[in-house]
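Please find one structure pasted underneath; my questions will follow.
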Amino acid sequence: MAKIGFVGLGVMGSRMVRRLMDAGHSVTGYNRTRSKAQELLDRGMLWGDTPRAVAEASEITLSMVSNTEALYAITGGPDGVLAGLGPGKYYVDISTVSPAASRDIARQVSAVGARMLDAPVSGSVITLEQGTLSLMVAGDPEAFEKVLPVLQAIGPTVNYVGENGLAVTMKVATNLSLAVQMLAFSEGVLLAEKSGIKRETAVEVLLNSVIASPMIKYRGPFVLDMPDEAWFDVNMMQKDLGLALELGKQMDVPLPTSSVTNEFLTAARGMGMQDQDFAVIFEVLASMSGVRKS
Amino acid sequence: MAKIGFVGLGVMGSRMVRRLMDAGHSVTGYNRTRSKAQELLDRGMLWGDTPRAVAEASEITLSMVSNTEALYAITGGPDGVLAGLGPGKYYVDISTVSPAASRDIARQVSAVGARMLDAPVSGSVITLEQGTLSLMVAGDPEAFEKVLPVLQAIGPTVNYVGENGLAVTMKVATNLSLAVQMLAFSEGVLLAEKSGIKRETAVEVLLNSVIASPMIKYRGPFVLDMPDEAWFDVNMMQKDLGLALELGKQMDVPLPTSSVTNEFLTAARGMGMQDQDFAVIFEVLASMSGVRKS
Amino acid sequence: MAKIGFVGLGVMGSRMVRRLMDAGHSVTGYNRTRSKAQELLDRGMLWGDTPRAVAEASEITLSMVSNTEALYAITGGPDGVLAGLGPGKYYVDISTVSPAASRDIARQVSAVGARMLDAPVSGSVITLEQGTLSLMVAGDPEAFEKVLPVLQAIGPTVNYVGENGLAVTMKVATNLSLAVQMLAFSEGVLLAEKSGIKRETAVEVLLNSVIASPMIKYRGPFVLDMPDEAWFDVNMMQKDLGLALELGKQMDVPLPTSSVTNEFLTAARGMGMQDQDFAVIFEVLASMSGVRKS
Amino acid sequence: MAKIGFVGLGVMGSRMVRRLMDAGHSVTGYNRTRSKAQELLDRGMLWGDTPRAVAEASEITLSMVSNTEALYAITGGPDGVLAGLGPGKYYVDISTVSPAASRDIARQVSAVGARMLDAPVSGSVITLEQGTLSLMVAGDPEAFEKVLPVLQAIGPTVNYVGENGLAVTMKVATNLSLAVQMLAFSEGVLLAEKSGIKRETAVEVLLNSVIASPMIKYRGPFVLDMPDEAWFDVNMMQKDLGLALELGKQMDVPLPTSSVTNEFLTAARGMGMQDQDFAVIFEVLASMSGVRKS
């Protein structure tokens, strides 16, 4: 069993650590707010005072943060992950960040003799808990072979996609469908509802149909009862869609459904719903249809 | 076991009849081209010379045709289904037609003392063969109770949605997501491919992700190898999307992703690909991205 | 000077009649509600009791109605225009109707020995009053030569575009830009306003810029002060856009900006603003941006 | 008459200098490639060896460059405009750059005791030569009063819009309509053409209609005959649209027509037409409609 480090113990990160410990790994963790890590510490997780300390104590360091800026914050500087890495060590970033930033940090990791993989996940808290999470991984193939068993402890499905930066690229290419599918689903629900079908019935039928992706299965019912806490809020969703649109412009790929959907996420922000789960895109469309909030 | 009639023995209809016979029902069938029904006749299906003859011979008559015009053609006139219906009989139309047309025919069925349900299916040949098809049903609740066991022999999941016309409404509200999901999927594949990920890998990862609806699971691989025969061609898909857009205008529901996707189906026609499976929407986007057909 | 008939004396029609009389023509008019024609009768217009009576009394009969249904209503039946036409007579329809309907009626007109032109106008009340209206005309070229002087009395610019039905086609192809330009203009105004520029200033600058079409010049200021009476309401605008989208589907021309704009007109209806000038599309976007109505 | 400096003597810049000299001003100019300035030097323009030298020699320095990076390049460093400015001097940037960058440089100009205005233009070479250009200006109101006569020599219409950065904001809010209007125009032309109207006729009618903005008047005919040299190429147009979309996201303003149009500019790049005038968006749509390039 490997000595593993983990930086970023939020909703997803903390559950990953639990799975790693359940699989028998020793984990040293770090989080900006230590108190949020108490439950993991009680279960035996070791504490690192800085990202650097975590990397120094571990053969394989993983990180899971919310955006590109946060990734630079935990990797750079005297207390950063880079300062704690060295020859023979591995660094795996699970965050969804810009492909260019991921490649940039991979180069810095190489410069200190270690090797980096980008390995974002497709799925949500529920997928993780059900053990059906899938990971896409990119970087040096030998490093991939070495780290694979650890990644399999997090999600059973692991796909190798190519050189550094391509896994976050693949993640971004996946996530655009989250928002688009949710907006198309909302169109269907409202069409049914305004025609005289109960919203509950419309959702149930759609969840039994061939358009019910795993994401629609767990997020679709949100249009009946929006969760108090966002699983993935409008700002986060729009961050991912923004990465997709930027990449589309760079790579000359028109993104018709992504771009139109992005404007409805902007509307969600304009209407003050930026902190809600992005399923709230339904409410934008409902208000345009003259359907009052229940 | 009921005496069942079936009008329209195409790709879907013929497989439904087989399932009905496998479940022990006696079936009288009719198809415009009799030769296409030979295999079913060999298996014991009875033949009706006209839709009227089928309805006269049956307690419950089902039909599955390709559009609104075809439905009027098989129900009206001296040889039509209506002429063979009467008190105590049931008529179930499984086609996807305009909600207004379905309600119109339901009224005519009532006028001759019989009762009609609209009961379109969500799924494709593969879903049907795997026994995972789902049906949405609308019309008189008592008629629904009576006919339910027969419908369950076709697809295990049966959802009752409301009064006449609302099942085809629900179908239209479901199907818009088929086209939109396929276009968003294509955006993701091309974004990955032009960034340097192999198309095969991109498809595999997407099929393992939370955006993989059952439809994406079977149609997604078409972007690697387009089928010789369309499962659901561009014209058919655009017919359904057209019904959705018409309904959206009537019910004052804006359909942003459906409308933009519809224009790409129009482009598929403009580029001469109208008879191919609607997955060919990928080729429209690929050509706009400067990706040559393999 | 010719003996002219005019059916449909609404906002546009009545002003056209005035111009025809000012040019020295004798006009026999008909309107569903006679009282609305009083001012014209006071100025010397003759009255026809039915569209047929108008056509019987005139060498050249013009009509201006609000949609395809209304055109069939005034032309067909025992009191319709067709019943009053005959060899040597001309019928010019100025309405915006479906190209197919226009061609259909042209065939009926030919059948009674007369000749028809479709001749819709580009412009509004203000353009008409300023004498800057433009007409597009289609049909038999000889008939066009004969009727040209009369049409020039209505709008100075007259363009011949081809055979019957093509002038309404051209009109529909023109009018889609009305709605699209207005939505793009609204995007610009709101972008400026939310960045800190006064709405008045933003409108003024845009009206001085190269994007200020004549339509933007007269309709742009509506975002500062919506008119009490619509010049061209949401329903009318959406009727024209609907004809364009139908034609796009028939002719295999994708209409990306028209289709997305159409959904915002649908939203205007969903939000209860269907009877206002279509400039109200600004309010749909403003509400999505969190900008309160002044 | 003021001593004026001008940095950036490209297509637009050189013509502005000519107008300034025609109005009696003394101009010191600088361009990266001196040879391009020969004609102006022959007419009496003075030469500055660096942007700094230009600013040192002038009371009012103007600049016109192609994007944000170029603006930083000519203003910063030991040879930059900033190094040549000082108390009592004015700096006017006419370029279209990001509002944030413009505000940033305005702060640096203030720090050396001078004052800056952002003053982008709406229009093209033809508008400038016809003397119908309009400028929007932002920054200190006193500086505006001082510089106004000079700006009026460039374009007769000058609109003051507010504090620093708001003129480029207004420019960006204007320019989104350029691309959108051109795509909507293309939809109309293709709809007419595929219905049987000659492309020449369709363009002529549209140019006579109420949708013919000054931009459509000069760029519309490009769909008949694309210019050898772009007036404003796809990359430039997409740069401006990118600034608009970025601002829309910051300010929470959905931009439905801008975003969909942007994807068609991306397609123009994907199809290899990035260096052509952005009117080439017509060719993207034409190819989707199955219309062959003439």
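A few comments on the model shown:
Note that the chains take the letters A, B, C and D in the order they are written out, and that residue 1 is the start of every chain.
Everything below uses one rule, namely that a residue touches a chain if its C-beta (ideal position, glycine included) is under 8 Å from a C-beta of that chain, and two chains touch if they have at least 3 such contacts.
No experiment lies behind these values; they were computed from the predicted model shown.
Across the two interfaces under comparison, A-D and A-C, the one joined by more C-beta contacts turns out to be A-D.
Comparing mean CA positions across the assembly, the chain most remote from subunit B is D.
Rounded to whole angstrom, the centroid-to-centroid distance between subunit A and subunit C, based on C-alpha atoms, equals 53 Å. Put simply, the C-alpha centre of subunit A and that of subunit D have 40 angstrom between them.
Contact of a single residue of subunit A with at least two other chains is seen at positions 248, 252-256, 260, 263-264, 267, 270, 288-290.
For subunit C in complex with subunit D, the residues that touch the partner chain are 99, 122-124, 127, 134, 136, 157, 159, 161-163, 166, 169-170, 172-174, 176-178, 180-181, 183-185, 187-192, 194-198, 201-202, 204-206, 208-216, 244, 247-248, 251-258, 260-261, 263-264, 285, 288-290.
Across the complex, subunit C meets subunit A through its residues 256, 260, 267, 270-272, 284, 287-291.
Of all residues in subunit D, only 238, 242, 248-249, 252-256, 259-260, 262-264, 266-267, 269-270 touch subunit A in the complex they form.
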